[in-house]
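Labels A, B, C and D are assigned to the chains in the order they are written; within every chain, residues are numbered from 1.
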Amino acid sequence: MQSCAILLLHCPDQSGIISEVTKFITDNQGNIIYLDQYVDREDGMFFMRIEWELDNFLIPRDKIKEYLSILYAQRYQIEFNLFFSDVRPRMAIFVSKMSHCLYDLLARYKAGEWAVDIPCIVSNHEDLRFVAEQFDIPFYVWSINKDHSNKAEVEAAEMALLEEKRVSFIVLARYMQIISDDLIARYPHHIINIHHSFLPAFVGAKPYHQAWERGVKIIGATSHYVTAELDAGPIIEQDVTRISHKDTPVTLANKGKDLEKIVLSRAVTKHIERKILTYKNKTIIFS
Amino acid sequence: MQSCAILLLHCPDQSGIISEVTKFITDNQGNIIYLDQYVDREDGMFFMRIEWELDNFLIPRDKIKEYLSILYAQRYQIEFNLFFSDVRPRMAIFVSKMSHCLYDLLARYKAGEWAVDIPCIVSNHEDLRFVAEQFDIPFYVWSINKDHSNKAEVEAAEMALLEEKRVSFIVLARYMQIISDDLIARYPHHIINIHHSFLPAFVGAKPYHQAWERGVKIIGATSHYVTAELDAGPIIEQDVTRISHKDTPVTLANKGKDLEKIVLSRAVTKHIERKILTYKNKTIIFS
Amino acid sequence: MQSCAILLLHCPDQSGIISEVTKFITDNQGNIIYLDQYVDREDGMFFMRIEWELDNFLIPRDKIKEYLSILYAQRYQIEFNLFFSDVRPRMAIFVSKMSHCLYDLLARYKAGEWAVDIPCIVSNHEDLRFVAEQFDIPFYVWSINKDHSNKAEVEAAEMALLEEKRVSFIVLARYMQIISDDLIARYPHHIINIHHSFLPAFVGAKPYHQAWERGVKIIGATSHYVTAELDAGPIIEQDVTRISHKDTPVTLANKGKDLEKIVLSRAVTKHIERKILTYKNKTIIFS
Amino acid sequence: MQSCAILLLHCPDQSGIISEVTKFITDNQGNIIYLDQYVDREDGMFFMRIEWELDNFLIPRDKIKEYLSILYAQRYQIEFNLFFSDVRPRMAIFVSKMSHCLYDLLARYKAGEWAVDIPCIVSNHEDLRFVAEQFDIPFYVWSINKDHSNKAEVEAAEMALLEEKRVSFIVLARYMQIISDDLIARYPHHIINIHHSFLPAFVGAKPYHQAWERGVKIIGATSHYVTAELDAGPIIEQDVTRISHKDTPVTLANKGKDLEKIVLSRAVTKHIERKILTYKNKTIIFS
């Protein structure tokens, strides 16, 4: 498995972009192993993900970003991110009391499905410490007092931990607490949440109860990047399952668990594989 | 195919109801060919659909309702509806300009899939008259003036038509006009609408555009009974389809058409087969 | 949570069965909390699942079976199974090298989702011992020699273990070895397998490769009871996911893992809840 | 709506293809409005669909094919098809006695959803003549005698009709008769069939009955190009629906009808939009 460079870019659409970029790579002896592009014709924007092998690439990896910036980004107003497949992102998991999403994430991690490191699990409760211990991952608990008197202190401690652990993105695996605006600002479109409804239906608390009250025939789960507005960030993945009048809030919650964990893990997979571009509060998901 | 009686009932749950009702039927030599029941344990309510052959049934069909009322309804506080499989409901279809739902309904009708009569199609536009003519069904057009000066007149004419045609229920097949409270009151839980979103997401106008704006990954369609509150009546059927960032409001509307027609026709099928009970703004759908 | 009796029965359909059985329960002061029934009109067979609370039931629990046999089974040719909700089935898990199904089962078990005990995990490889250790469950490895010289011995040891552990049913969680006819005979319709295809398509080895070769647009997974004929036992649950020409056998296998674990766990849930009746190589799954 | 050229090509994968082809178009002032490509890394093959506006294109439309052949096809071993969006394909529909697929096709046609002409409908029965008449499309009936004595004659007549009507592709809308090898050879990968099962499960006759016998929990429908081997051609589209033990072969057939018509129409849509490439008995379906 060779090391690869992964380039995610977008810019105003104009003729010749694909040919310029692919020519740049192939002229410098990069072997392209993935290319997918998409044009938003309404906004006139061009989006591309391209991946190439680094072994014979003539430009040193620490110079690629500079070359792209100078040669193309200025000329075409390109915004881009460059990743290397051998640099593993570092994922922090935040949990509360329910274990199903956490187990699903850790089982994939332990089976080697993901090129990711998990340096820490954070919680506002002790309940799931045993799971972290099963998988030998450091577990940190901070809970905010009811009078919020220690809120600033807790957030500072969390920030320090994330910094110390060099966390690159955060997964909220049924973490039942509001994330502070500061933390969101520190990780823009790098905090992935799972909401247990088919957003935008049933924003906020107790979505299964809301769904049952409304008498829907299908329930869903939604994974999205966290933004300042509750449950309103760019949607990464959704899925649904059929229910019936026989279901109660309790059976809905049980059926929903399978949705939640699968939808969350699919979103995390796409993020780890650097296949998500965000634009205007939406996601472009490359195949 | 024998004629059957179909009984839909609900009452407070109490022991012995099923045995009483089935005993009543079998003691009177009715052959039960369908029985499904459901208990809402939260509300302590019992729901049942039972169907039996009339050929050897000892109670004359015009006396069954009376017997049920006197022998059981009083004692168990049962509310029930009694139907006969050889009495075809009479369905009016309301349309505007889009033909996909109308064609789907008429193709099923013409192929003999449904035990239903369609005495009239009503519209606020001339556009689909040709479809009605293809199927030899009377087509009536009334459009309400922009200043609403003829609103009362139009509604009176519609009511008169529905009365004259002895319409038993109404299907809004992408009818883009608000139904008056009077008409809703005249057909309580007997007007079936198709809304082109996964309700309760995207209530009201332009749901595909709303869905595209929000960046959802799945769109849906919802068939429900019309009540006074817009898009808030009891949901009969929903279905969804997966979309991607490549979709536009136009492609969403196209993909949605297949959902709309199938979801609407499934709801109409259940209604015609008398398999829907409504309770507390929800539906119980028997299998 | 009261203890309940769960009765699963089938017999030739005849009038009065439901009323007889429900009357038997209610007359003896059993509070019915679940009843679902189904009539196979082609074969004239009646199937029912009924569950009632034992607290005030007048018949002692160790006499219920006898009463049912004498009072009803003879008269109506009823075959039945009686279970008690407070008697937890004992589940053995067989695995080979892939961990995704095993983790999914154990995560549910550990979270208390199932009223089940797991006294042992059996494997033909050492690979997943670490998972068993994470969850503190005894792990036994026997591998059959290439010349099959120790086959009888291994099977005898397995049988002895299952006996000793009082195992009531077996889950093959991607166990890549043929189960002997003796073991199948000992656990008739009590061994649940997950096959990684949409059966009956792609029976046997390498189903994802077969699916890719055929160019299907959807892949599936199937959970079924094991019978003597390979991949041909009664199907309990199936599910599918959409794929495209971009998928390879490797990406199919990855996408399939989520299907496999969810489909297997749904089947196990139904089995533990005693909601499955088998008849003529098919399953009746109560809701 | 401008006229566009649509180029579907495949060739051995090599660096620079995309840039060469896009450069050729943009250098000649073609405005690319669609580009999607896919690389089969196992076979080292490159596939592309590209669409551009012809209005300012410097190469006359009747010369494009020649230029592509000489400048690129030779050099890169490209095989390609060139279409123009203003040249409507001509579709013949073959039917037998069931109308659901036929109505679905004709409703879309009549609503203007497809850029297609339908010059004729062919059948082996008179049953659906009335549908053809509703839509004013010529209807031709030929039935083959039981002793097959008129087989050659019928096929010759059909061929002559297809020739006369300049039919470019054929849709078998539940046509219950085997297509002759001659006709298949005349329309290679241009005859679209709908098979009422989730292929490759349940090839051949009575698939719903087969599915019911096997006790599957999901049924499907498959649209594919017809090849000499029965039900074994390249799959274009599949979809499924959930069923239960309560279904009978009759209810399966009814539920399946909706699948069949939607799956067939989706395949026809992709074919009309020239979004299908076939390679090695599989399809590449562009988005």
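Everything that follows uses one rule, which is that a contact is a pair of C-beta atoms (placed from the backbone, for glycine too) under 8 Å apart; a residue touches a chain by one contact, two chains touch by 3 or more.
Everything quoted here is computed from the prediction, not taken from an experiment.
Graph distance from subunit A to subunit C, where chains that touch are one step apart, equals 1.
Chain centre most remote from that of subunit A: B (centre = mean of CA atoms).
Each chain gets one centre point, the mean of its Cα atoms, and the points for subunit C and subunit D are 42 Å apart.
Put simply, the C-alpha centre of subunit B and that of subunit D have 36 angstrom between them. Listed for subunit B are residues 41, 244, 246, each touching two or more other chains.
Chain contacts in this assembly form a complete graph, since each chain touches every other chain.
Per the touch definition, subunit D reaches subunit A in the complex via residues 15-16, 18-20, 22-23, 26, 31-33, 35, 37, 39, 41, 242. Across the complex, subunit B is touched by residues 38, 41-42, 198-202, 214-218, 220, 234-240, 244-246, 248, 281-285 of subunit A.
Those residues of subunit C that touch subunit A in the complex are listed here as 98-100, 103-104, 107-108, 110-111, 113, 134-135, 244, 246, 254, 258, 262, 265-266, 287.
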